[in-house]
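By letter and in written order, the chains are A, B, C and D; residue numbering begins at 1 in each of them.
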Amino acid sequence: MTLGIGLIGTGFMGKAHALAWRNARAVLGTVPEVRLELLCDTPADKATGFASQFGFARSTDDWRALVTDPQVDIVSITTPNRFHKEMALAALAAGKHVWCEKPMGLTLADGEAMAAAAAASGKTTMVGYNYIRNPAFRHAQKLVEAGRIGRLVHVRGIVDEDYQADPDLAWTWRARLEEAGLGTLGDLGCHLVSMLTGLCGPIESLVADMQTVHTTRPLPDGSGRGAVENEDTATALLRFASGVHGSLSTSRSAWGRKNRLGFELHGTKGMLVFDQERMNELQLYVNEGPKAEQGFRTILSGPEHGVYGAFCPAPGHQVGFNDLKVIEAAELLTAITTGTRPHPDFAAALEFEKVIHGIAESARTGQRVVLG
Amino acid sequence: MTLGIGLIGTGFMGKAHALAWRNARAVLGTVPEVRLELLCDTPADKATGFASQFGFARSTDDWRALVTDPQVDIVSITTPNRFHKEMALAALAAGKHVWCEKPMGLTLADGEAMAAAAAASGKTTMVGYNYIRNPAFRHAQKLVEAGRIGRLVHVRGIVDEDYQADPDLAWTWRARLEEAGLGTLGDLGCHLVSMLTGLCGPIESLVADMQTVHTTRPLPDGSGRGAVENEDTATALLRFASGVHGSLSTSRSAWGRKNRLGFELHGTKGMLVFDQERMNELQLYVNEGPKAEQGFRTILSGPEHGVYGAFCPAPGHQVGFNDLKVIEAAELLTAITTGTRPHPDFAAALEFEKVIHGIAESARTGQRVVLG
Amino acid sequence: MTLGIGLIGTGFMGKAHALAWRNARAVLGTVPEVRLELLCDTPADKATGFASQFGFARSTDDWRALVTDPQVDIVSITTPNRFHKEMALAALAAGKHVWCEKPMGLTLADGEAMAAAAAASGKTTMVGYNYIRNPAFRHAQKLVEAGRIGRLVHVRGIVDEDYQADPDLAWTWRARLEEAGLGTLGDLGCHLVSMLTGLCGPIESLVADMQTVHTTRPLPDGSGRGAVENEDTATALLRFASGVHGSLSTSRSAWGRKNRLGFELHGTKGMLVFDQERMNELQLYVNEGPKAEQGFRTILSGPEHGVYGAFCPAPGHQVGFNDLKVIEAAELLTAITTGTRPHPDFAAALEFEKVIHGIAESARTGQRVVLG
Amino acid sequence: MTLGIGLIGTGFMGKAHALAWRNARAVLGTVPEVRLELLCDTPADKATGFASQFGFARSTDDWRALVTDPQVDIVSITTPNRFHKEMALAALAAGKHVWCEKPMGLTLADGEAMAAAAAASGKTTMVGYNYIRNPAFRHAQKLVEAGRIGRLVHVRGIVDEDYQADPDLAWTWRARLEEAGLGTLGDLGCHLVSMLTGLCGPIESLVADMQTVHTTRPLPDGSGRGAVENEDTATALLRFASGVHGSLSTSRSAWGRKNRLGFELHGTKGMLVFDQERMNELQLYVNEGPKAEQGFRTILSGPEHGVYGAFCPAPGHQVGFNDLKVIEAAELLTAITTGTRPHPDFAAALEFEKVIHGIAESARTGQRVVLG
């Protein structure tokens, strides 16, 4: 019996989920077939149009109908963040598996409620941290685990984009705490947390600073300027339980950066450097061989790296952004069919939320925040 | 009425075609739906397995049955080069549209026969030149057409991989002229020709040199060494009808290069530089603004570039190799439904074959070869 | 009447000063001639040998004789840090101008004493912050001042090397607070402070963290392991008086980094990025022109940038490390002959010392440190 | 007894020679002291001014007086190319050692006359090929000699600048064959020849093409347009005596390129890549270790590479363009004092001239040119 998919949302992430569901088995082979059962968006004709384009059997403009639909086994939630909690809770209550986009919600309480509901439900949950699916990133993890760069000692992460860099952009709901929650920390920062903790383990405590670069923006109706309530940039000093020290910095107002999500990971024997804007490359330096020949090497992703070979048997040919979502969908399917926990499920993703909300708290209070 | 797809082959390119057919409409939206009708490979159970994985309705181990199947409207040919001509001719004879992987065949005569059959058939044909679908490349073409770098004067292209770099690799049929035809020119060089002529127009004449780096290879059965009959590298001096001069160089024995397909295009006002190993980047230099601020700029692919936005609305998030095939499939579908000619159809692709075979001829004779 | 030079030290920085004195006028033209009068090192024959090599007229093994020598007008101090204060004070007391390498001393009190002595002396002083002499850096400052990237909002700086990365390196005096003072902050961090404040103005307050990666090292006599008392890494959250927020991070244990001194400077209209390991390049992104053509441009240093043209009239030919010291010497000479203050004199350099010692203090206490 | 230097010319290369003479011993230590004896330029007061700036004892506006001056032992010739032969012959006739800038002259006959005169004189001669002095390039040679990339099979070299890219630049004597000789081949191409033959040995034969991009230029007096008689671009297919095949391409009209002198060197075990615009970096790929970790490594120049350590004991701190000339001067001095031949002396440099004139000849005749 195949699994039925219900997808809520058809925007950036909605389309990415749709393509992921269409391709997981075709690419990876080892995962079960799914049925694209039901697509939800509003208004109804938009849902109908996208159902046809994406290949879903049916459409609806009522997400509550979707999460309770008997043909739906897995619910993909790709709506604005403020709807995540309600939808996820309803889907879990209806006995569905849930794949929810990040961040979990607007507040830490949202995330806690979702993790609690997931635990109570016994269903499989996953939050959409696509960048940690990248074969290049997975290879970095593998090198770390194999001790290739020695004991980890220091890490620096950044994640920047420029979608809020323009001072003349109009005010939107994204600027409101109540509607959008955190700013760059929720949009971008949590991705970086998923990577850094995936390399160095849990964060123990942190001290942070935040900044709203553009404190007001022109209201779209021309009636004046509206306040920007959430942060444009955030930076934190991190201490990991493993003893690693480091930093994390994020900005949504960084001109020229389009998806600059990267890290430098310092070990006692070498260093790893990664930048998502060149997502098919991994930089490795190891203190071995003649000094005169040492240097950072640029490793191009290829079949030796994770599931890259399922996309292409030739190295250097490159996977793209949507391919990351395909891997993610496949991992969820594998978890469901094998009864294991995908990473990150709601419980694990809650730890990421604790970090970004901890950063915001430390920035507000000026005090060190201890996690865990 | 939807179009039915028949796919021959399930390897590197077979899978790429399968994914392209699955995704063309889901991604691009504006193209018609297709039915994944029939998949062919040998032995039969391999075909069955891949039909299940790729989502084809039926499978067969008889390609002749496929090309004459009444439910099949378009035939994708992704088999080794030596089968291209026979399959394409049979498919055209059966009244099918044909999407054939490059190069067209082993000899120039193969290509000529295919182009003639295509012209006689009235069906739509296309050869699989995926790299020219890249939004970054299309943007380069657009900049050229807009005169952004002035009158074109010089171009240098290279395309290198290292799949034949290892001296200890065993001898295979790829080393035989009769079975494989040209070496690096057929595998890689023709892609570069598709790009250079897409930027500078047709090539008028050329002078070339070739080299077989590893002249023998160990026979797989351990019985000695077999001769390598085709070229590992080829380089040509090019003169374009437009007056542009330039060069083309290719190697399948270039250690470290995985998909190094790129060009430098020199104009009287600026320069464009591209490298497929960073396929989401385009380098542009323009002689404008203060000298103190001039420099090559790295443009990251985004929604402003061709159909990138159909894959992802956010810049810098990157399309991958398989996405190029999705664009290619969509272009073929559009051509079929609008009655236009896709690029390159068999006639246009024959011009690329003339160039690579002209290079081989010039290298053999030491004489300038005039094309056209 | 020409100025007489006395140089103490013949190591890395000693040689750099010697070459700078030899070349300042030959390169820049506009500065006065100097006499290479007296060179000091121990033992005496080492001083004699280097005096011959570097072209100094006389040599000595007694630095006190040098600083009081009547033929010496300017004293270059390039000895280990723990000697800086005593030598600088003696030279100033003897009525000499002083060019002292960074950092000023082991403690903040050292720097304060030196700044006080400089103020009392009326002589010209300068501390050896060579990286801010780089034409590429000066051009970055010029672009900032011209508003080319708008209002500055955020900055991130790093400075890394790997000279203490190897866990097996023997213990030396550099590990002792009493002999070496700060670790990476004194060696590397202060350079970064000179750059960041040169771009964003004075730092108002900071919060910081430090780490000793290798807490003990093998004693050179094989008798066991000695404690490393100073920091291998340090990271700080910075707030500038101008309102810019940012961070600074430094490590002397960062494998693969040889002189990784760089910054990202975020403005409301654009971004500037620099890395000393590619010291002849400056990266600039400006939000102007068509979106489809925006990208970071790599500006190669050339005659349009500061005094580059004095070294070479052709762009892209590159200045090197020693050339920075030539510019520095010329700036000191110009200041002396025009009666102006070079940057940074002891008073200005003391501000840099306050930052690095403030970082160390914050890291020890866990509290925000407010700078004067 | 020290050697006396006579320098003719004070422009780009004149200054570079002056600085080289000032610094050779101070930097390298192991070479003899020189006296900056006599500087020649016209008019006389220009010579006087630069003699003071560069530290020469005397000046003259009569180059014949310089080459016969009894205090002068070595003559540096840095004048426009059309004067090289006459000055070099006169200096050799006067019993001087000669360091002459490249190319040797306007015609192959010029070079032959100079090589013959050098051979007859018994004096030491050298032609100014500075780029082959680069520690990074020397290290590339060393790696090749050690077999680090296996048997050499293919090489591609380019050398581009953009000083003649602007269509609106006024006509000058550089456009005249009689006054300037070759175009980009003489200015830039011969440097590339010095590198490629330094890696792969002598070139046996070649086939080439040339192009004048801007065939006329506005006359400076506004009276119309003057013809450009020499080439803006040249490209050649090369066959080396060693069996290596390859190509060479050069342009003086390549927008954005400031000193783009580089090569890709393909061996049976690896590849080396170099670009003078990042002259302190060498890229090395070697087929060894796990496939998953292979990649081009960027080696930053450091004390392990040639004489880098004489400039700076710390890696990654970078030598600059003028430092190359310092190494060159030191090599000439060492050759003179040890009675050995520096590379390239007039005889060796004549081989480079044969290549560039051979390229021009092949381009004119359309025939393969076999070199002696």
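Definition applied: contacts are C-beta pairs under 8 Å (C-beta built on N, C-alpha and C of every residue); 3 or more make two chains touch, one makes a residue touch a chain.
As the structure is a prediction and not an experimental result, all values here were calculated from the model.
By count of C-beta pairs in contact, A-C exceeds the other of the chain pairs A-C and A-D.
Relative to the C-alpha centre of subunit D, the farthest chain centre belongs to A. Centres computed as Cα averages put subunit A at a distance of 34 Å from subunit B.
Here the CA centre of subunit A is 41 Å from the CA centre of subunit C. Measuring from the averaged C-alpha position of subunit A to that of subunit D gives a distance of 53 Å. Touching of two or more other chains is recorded for residues 257, 294-296, 300, 302 of subunit B. Those residues of subunit A that touch subunit C in the shared complex are 149-150, 153-154, 156, 158, 165-167, 207-209, 211, 213-214, 232-233, 235-237, 239, 245-247, 249, 251, 253-257, 264, 266-271, 285-287, 294-296, 366, 368.
Interface of subunit D with subunit A (complex): residues 139, 143, 148, 284, 290-300, 302, 304-305.
On the side of subunit B, the complex with subunit A involves touching residues 11-12, 16, 18-19, 22-23, 25-27, 29, 33, 52-55, 161, 163, 257-260, 277-279, 300, 302, 311-323.
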